[in-house]
Amino acid sequence: MSTESFTAVANRTPGHVHIVLIATGSVASVKIPLIVKELLQHKRVKIQVVATKASQVFFDSARLKAEHGVNIWQDEDEWTASLSWKKMGDAILHIELRRWADLVLIAPCSANTLAKLAGGLCDNLATSLLRALPPIQTDVEQASLIADRPGESTRVEVWVFPAMNTLMYEHPLTAMHLKVVKETLKYRVEGPIGKGLACGDVGLGAMTEWKDIVKMVVDHYRLERSH
Amino acid sequence: MSTESFTAVANRTPGHVHIVLIATGSVASVKIPLIVKELLQHKRVKIQVVATKASQVFFDSARLKAEHGVNIWQDEDEWTASLSWKKMGDAILHIELRRWADLVLIAPCSANTLAKLAGGLCDNLATSLLRALPPIQTDVEQASLIADRPGESTRVEVWVFPAMNTLMYEHPLTAMHLKVVKETLKYRVEGPIGKGLACGDVGLGAMTEWKDIVKMVVDHYRLERSH
Amino acid sequence: MSTESFTAVANRTPGHVHIVLIATGSVASVKIPLIVKELLQHKRVKIQVVATKASQVFFDSARLKAEHGVNIWQDEDEWTASLSWKKMGDAILHIELRRWADLVLIAPCSANTLAKLAGGLCDNLATSLLRALPPIQTDVEQASLIADRPGESTRVEVWVFPAMNTLMYEHPLTAMHLKVVKETLKYRVEGPIGKGLACGDVGLGAMTEWKDIVKMVVDHYRLERSH
């Protein structure tokens, strides 16, 4: 991705909102490029995308990187890429991304990743990063506060946007997992909404409209458009 | 597998029992060809086999397909095969298989797949299909009723046949997982039975005899032999 | 690894302590060679190493095998290696290792493997072996008793040494998983300890010092140094 390992200290910019956007294997990952592009129309925004293996069929990583200059991190970057960990003292990618982030958006969040979060599993980059996050209270009063320390974010919020087939959503374990994610992990959950889904079913399960996701971020951090 | 994507609407036959047979990584998957062959000796039966990666060492998929003309679906068929999802509007295999099925047999069900079902994980075709099934009451009175709508099954039953080493079966989490699968997901669980196992241990853990599995299906749907 | 499949009956030596050392994807797996080497300085000790895929970046398996003659078992040995299971009657590696073992050390135990153990998942050799272990009471009075039957260990203890980033350790699910592992599975959990970690964080999360792990084994089984 570059000639140096990614570290929080080298990549955080004081006064900016550092957003990790996690894409998972829901068809709603087709919206990832739109979310990235629209967020980047605002001042003080930096983005890193983390993509699960299953998510990658839904958007064109190379093009997204070329057009917007964002990194799209994959599991290989943690383990086998030339800049991944080789010896004691080297940067550990999921830890550096956690340090870098002020906000983690899981948009879309698949049923599978939701189950992994509720079960504490961390067998890929996305879930390892999340497993290394301390839960916080999502407190609207404090929310506009952006950590200004260059080296590390002190307060990381996680917002989850479930997106799945209606019957997957109605599966009884979905509600149980969402409860753990909200109450134990203190993540903010938004959606899903009802509409026609990619599979042809109609019902609750679709990801919150991508424009609304962007708007939530913009409102929360009082971001201004660049031009 | 064919020149067209699999869809429920094109592959359901009114008046037939549509059976998805899931094979998992238990040595009892050596019985898969026998179960398929015997079920197909009956009228009004259609079968799709879904095989986890670990199950595939235990039977010869190519031969099963050649001899009985059944599809053996693998994870690649969902993701990378030429007929897998490429763009919005394409069929999604695990959703189509769920729509197609009147009955899902997990025979054998490994300890690992059982744990995944109880945890709501769906990282392969077999568990994605199951995650997209609404739980129903297994009601013997209603059971002979077969959905006659060509496009989609309205009532899908799931029968689970655990098969594992005796000590795996005695592991305290097995009972907890079976409880979730029965009470929360409303699956029917049959067996395991006691006998000498492949690993040389003797005790409870073996899959219900494959002939008894076939008989349960035959009795439940009042199937008649073809000749 | 050799020209014959591994079986407990052919590889147990009466009067010896048979130790399976499981390495997982924590950076503390760099200590695996030191633990092996130091344990082997004692009489009556035999070791098999089982390494998860993620652990293998942290130590040099080939060198460890060459220098100390220990087997380093990987997932491939269960499935695809020339000596893995091919037909009914063949040895099943995770079952044979369970029969062989008097003591299983998970050192280090990653957050992910801990979550899998608490969830009963067994999708690799390490967790399949553990899933096939009956829980026992870790009773210090009985502990010096070593099974003398050549064919199979009758009493297997499991000791867990968690090792993870401080914030991973503070994640609320860690405590819940440790509780299941201790109370339901009856594993002994030691550590983690506080110190500077590989990722640069300081806090609770580091694996118990490798020398202390060796000392616990030596004391428990009253092992004597060879020379």
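Which chain is which? They are A, B and C, in the order written, and residues in each are numbered from 1.
In this section, a contact is a pair of C-beta atoms (placed from the backbone, for glycine too) under 8 Å apart; a residue touches a chain by one contact, two chains touch by 3 or more.
Since the structure is predicted, the reported quantities are computational estimates derived from the model, not experimental observations.
Colleague: Using the contact definition given at the top, which chains are in touch with both chain B and chain C?
Modeller: A
Colleague: Tell me the angle, as a multiple of 5 degrees, of the rotation that maps chain A onto chain B over the C-alpha atoms.
Modeller: Fitting chain A to chain B on C-alpha atoms yields 120 degrees.
Colleague: What's the distance between the Cα centroids of chain A and chain C, rounded to whole Å?
Modeller: One centre to the other, that is 34 Å.
Colleague: Scan chain B for residues touching two or more other chains and write them down.
Modeller: 119, 121
Colleague: Going by the contact rule at the top, pick out the chain C residues touching chain A in the complex.
Modeller: Of all residues in chain C, those touching chain A are 27, 30, 54, 57, 111-112, 114-116, 118-119, 121, 165, 167-168, 170-174, 176-177, 198-201.
Colleague: Please give the residue numbers of chain C that touch chain B in the complex, ascending.
Modeller: 79, 85, 88-89, 92, 95, 98, 119-123, 128, 131-135, 184-185
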